[in-house]
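Going in written order, the chains are labelled A, B, C and D, and every chain counts its residues from 1.
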Amino acid sequence: MAIDPLASPLPGPLPPWSPLVIAEDRCKGCELCIAACPKSVLALDAGVVNRLGYHPVRLLDAERCTSCAFCARVCPDVVFTIYAPRREA
Amino acid sequence: MERSVVFAGFGGQGLLFAGQVLARAGLEDGLEVFWIPSYGPEMRGGTASCTVIVGDEPIGSPVVDRADAVVAMNLPSLEKWGPRVAPGGLLIVNASLVDETARRLDVDELRLACTELAAEAGDDKLVTVVALGALVGRTGWVDDEAVRIALRDIVGRKRPAALAADLAAFELGLAAGAREPVPA
Amino acid sequence: MQGNGHGASERRAGARHHRVLMKGNEAIAEAAIQAGCDAYFGYPITPQAELLEWMARRMPELGRVFLQAESELGAINMALGAAAAGARVLVSSSSPGISLMAEAMSYMAGQQTPVVLVNVMRGGPGLGSIQPSQGDYFQAVKGHGHGDYKVPVLAPASISEAVDLVPLAFELAERYRTPTMLLADGILGQAMEPVELRFRTPERRPADWALTGAAGRPPRVIRSLDLQPEDLERHNLELQAKFREIARREVRWSGQQLGDAELVIVAYGTAARVARTAIRRARASGLRVGLFRPITLWPFPERELARLSARVRGLLVVELSAGQMVEDVRLAVEGRCPVAFHGRMGGMVPTPDEVVEALRGLQARVGRRPRRAPAIPAPEPPPLPRPARSSEQPAAPFEGDGWSRLEPAEPTPTAAGAGRPLATAGRHGRNGGAR
Amino acid sequence: MSVASLSERPTRVIYQRPELLCETSTRYCPGCGHGIIHRLIAEVLGELQLGPRTIAVAPVGCSVFAYDYLQLDFVESPHGRAPAVATGIRRVRPENFVLMYQGDGDLAAIGTAEIVHAAARGELITGVFVNNGIYGMTGGQMAPTTLLGQRTTSSPTGREASLAGYPIRITEMLAQLPGVAYAARGTIVDPSAIGKTRAMLKRACQVQLEGGGFALVEILSNCPVGWGMTAQESLEHIRREVIPAYPPGVIVDRGRTATTAPSISVEA
C-alpha cells in the first residue's frame, strides 16, 4: 500500500515534522545509508532491537536532512520514505 | 490373414518408395497395411530395406521373422533375406545384379532382369517398381488397379513427368510376375 | 479388374476419403495440431525427427508456435513457460533427450504445469541405438526426475491408437494439471499405417491459474519451491490425492481372447503387436492364450490384472527391455499365478516365434495342474473404473479384441471399409505353400 | 507500517516504496544488493506501467523468492533455464511483458546454452543479470564470474586460472550476437551508480516494448555474507576489485535487431 501524505492526520498530538520516515521494522542495520548520507545525519540506534533483530537506523537531526534521498537509493530494504524539505513544501 | 514382404537392396533403388506404393495400394483396397523402413544413417546410402504387411485385420507383429515374400535387389539383400523367406513363400531376385540364387527348394524364386525391364519402360532406375509389379502379379495381395491408383497419386502429384515410366515399369513387372512359370 | 472383382473398387471408393497412410511421428504431430496444440518445442533426435519436421512445416502455416530449441533442456523449459502462460503445448523427443528433460518434468509435476511429452523410445542405456525399445518404462512410470510424483503415461500400440491418445493426453494434462507422457517407440514413430482422418479437439478448460499478467487480480505464482517442510508436505499430500484420483479414474487397458485363456501375455505398445501374432500362432498349435494390454502404464491396470491372475494358469510379460513392466505385473499379481518374462534389448524386437517358445516354456512350467482356488474372489469382474467423461471410450471389457479402446470390442471384418478377406494364395492359386 | 508524520502542512513525497514491491521484508541478508535491484525493477516497471502486463521468470538461487517481493505474475524456472522458460512465455503471449531475473551461476554457468540461444534468437525478453561472483544461497562457492584470486568456500585459497579457468565476461560475449538489442552493465555501489543502473533497466524494458530484441542488464552486486565483509566493505570491494574486471557502461545499444521472433496469442 502506498503512503498518502494528504490523508487526514492521526488523532492526537502530532510528532515533530521530519523529512524522513523510517520503517523501523524493515531495517536490517546494514549501514549502507549511513555511508551514503552526505550530511552524516543517520546512525544505528544501539538502544533498540527491532522485529527482525537488528538495531534500526535513526535520523539524528531532521533540520540538517536535505531530503536528498541517497539513503533511500542505497537501501536494500525500502526503509525510507522521503518528503520534501519544509521550506520547499 | 497377414502377408508380409521385405524390399531390400541398395539405397537409391527406390525400395522405400515401392513399399509405400504397395502400402498405399493396400489402403486403396480397404486392407489393413503396415510399412516400416529400416531407418537410421543407412538411409543415406548403403543397404536399405522396408517391410510391408497387408492384412484383413489389424496388423500384429511389425517384425517379420518369416517373410511371405522378399524382393532382393542386390546380393547382400539376398544373403540376408533369402533364408528368411517363409517356406512356400516368394523370393524375387533382381537378376540384373545378382547371379547367385537362394539355393532353396521350398520357395518360389522369381528371377527378373529388373534393369532391362525398367529400361524398356523408359527409365532404368525404376528397378523396384518392376519388382513390385512382379510381386503383385504373382501374389495378388493387392489389386493391380489399386497399385495404378497409388502410383498416380504418389508419383503423379510429385513428379508427373515420371508417371508414365513408372506405370510402364509396373505393367512389365506385373506381366512378368504373372507369366513366369511357378516351379513345381 | 483382376483378382478381387467388383468389391475392391467399391471399398476403394468408400475408403479413400476416410483413411490415409501416415507415418507415426507425423500422425502424432497432426493429431496434436488437430487437438489444438498452440505451441511445439523440440530438438532433433532419431527416431522422432519427423515429428519435429512436421511441426516445423504445419505450425507456422496455422499461425501457431514452432520453435527448434537449443537442446532438449531448452525445449522442455520453453514448454514449461508456454504452458505456465496457458498454452496447450507439445514436446517430443527420444530416450536420451527425455533424460535431459527429466529435471523439468519434476518441476512441472511439482508446479502442476500441463504439458504433453512424447517419447519415441530407442535402445539404451546411454547413446544406445536408434532402433525401437521399451527400455524407458521405469523412467516414464516411476518418475523421470526427483521427488514424489507420477505422470499419466499412455502407450499406443498402433498409429491410429496414437492418434486417439494424443487428445486424451491433452485432456488428462489439463484436467489434472500434470505433465503427461505418450510413450511410443521407434517402430511406431517410423512406420506408416492407415489413419482415419477423424481427429478430436479437447475442450479448453478455463485456466484460472495461468500467467497472463496481474491485471485486475492478485499476482499468480507457479512454483514448486517451498522451504517450509510443513507447507511442502501439504503440497505433496495434495499432489498425492490427485495421483490417487487419476489412478482411480483413468486406468485404460485392452484385452483379447481372454475368455478361454489359460495363459495370458501382458504387453504394451509394439510388444503387444508381436504378442498378437504370437497368440495367433500359439492358438493354431493348441495353446489357449490371450492378451492383456495396458494402455495406461501409469495408472497401471493392477486391479484388472489381479482379477485376471486369479483365473489363469500363468502370465507371460513381453517387453522390448530387460524386464521393467514385469515388476508392476508381479506386484499386481501378488503370487496368484506364475509370471514369466521374455524380452529383447538394445533395439532388438522379440519375434513372434520367440514369444511362442516362451509360452511353451510357461505352459510346461504351469503344467496341467488344476487352477487353485483364486486368492481373490470374483472371476467375474465387477464394473471396471471408467474414464471420467462419457464421450470417452469405456475401459475395455475382458473379451475385447480391438487394438484400441476406441475400436469396437469385436470388429467385424467388413466394417468400416476395412478387411476384405485377403487372397490366401497367389493369382495362380499356387503361392503360399503350393509347391 | 509507518504513517507519514505530518506537521503543519502536507509535504510532497520525494521517495516512497514503489507499489509493485511488496510490503513484506525480504529474506535477503543485511546489505544484499538483491533488495536494491528488486526495488529498481519495481520502480521502472511501475513508471512504465508494466506491472499488470508482466510475466516474470524467477531463477534458482537467493533470488528465487523474487515472487514473494514483486507484485507480478511469476513462474519459477529450473536452474539456468529461465531464458528457455521466458522464451516459451514470449512466444505464446506477445501482448505481455516478459522479465527474467538470473544470478551469475544461473546465467553464466549452468544456463549458458539457454542464455546464448535466447539472445541469438533476439527474443523480446528483458533480462536482469545479478553478478555477485558467488553462489550465495548454497553457502558462497565459486561462480563462473568469481575473480582470480578470490576466496570462496570452493576456492579456499583463491581462484586459480590453472585450476578453475578465468572469469567470464558473459555480457560482452552476448553483446556480440546480433539478436541482442541492448546490453549494459551497472553497479549498486553508490546512489549515482544506482541511478545509472535504473536508467539501464528502463532502457532494457523500452527495448522490449519497442520490439527491439533481446535486452540484458548485468548488475555488479554484492554478497556481504558470502564475501565475509560488512555491507560497506563489500561495496568498496566492488569498486576496487570487481569494476576493473567488469567495467560498467552500455556495451551495445542497437535499438533494433534485424529480426524479432514471431509469436502467437493464446486465450486463457
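Convention: a residue touches a chain if its C-beta (ideal position, glycine included) is under 8 Å from a C-beta of that chain, and two chains touch if they have at least 3 such contacts.
These numbers were taken from a predicted model, which means no experiment stands behind them.
With centres taken as mean Cα positions, chain D sits 63 Å from chain B. Work out the mean CA point of chain A and of chain B, and you get 88 Å between them. We define each chain's centre as the mean of its Cα atoms; on that basis chain A and chain D are separated by 27 Å.
Chain centres here are Cα averages; for chain C and chain D they lie 43 Å apart. Multi-chain contact residues, meaning those touching two or more other chains, do not occur anywhere in chain A. Multi-chain contact residues of chain C (touching two or more other chains) are absent. Counting partner chains per residue, chain B shows two or more touched chains at no residue at all.
If you sketch which chains touch which, the chains link end to end in a single open path, with no loop closing it.
Taken pair by pair, the chains that touch are A-D, B-C, C-D.
Note for the complex: chain D touches chain C at residues 51-55, 57-58, 64, 67, 71-78, 81, 84-93, 96-97, 113-114, 116-117, 262-264, 266-268.
Contact residues of chain C toward chain B in the complex are 1-4, 8-9, 11-12, 14-16, 19-21, 46-47, 130-131, 158, 186-187, 190-194, 270, 273-278, 280, 349-353, 402-403, 411, 413, 417-424, 426-428, 430-435. By the touch criterion stated above, chain D contacts chain A in their complex at residues 1-17, 19, 21, 23, 25-26, 28-36, 39, 188, 190-191, 194-195, 224, 230-232, 235. For chain A in complex with chain D, the residues that touch the partner chain are 1-7, 9-10, 14-19, 21-26, 28-32, 35-36, 52, 54, 67, 69-70, 72-78, 80-84, 86, 88-89. Residues of chain C that touch chain D in their complex: 38-39, 41, 60, 63-65, 67, 69-71, 73-89, 103-104, 107, 111, 204, 206-207, 210-216, 219-225.
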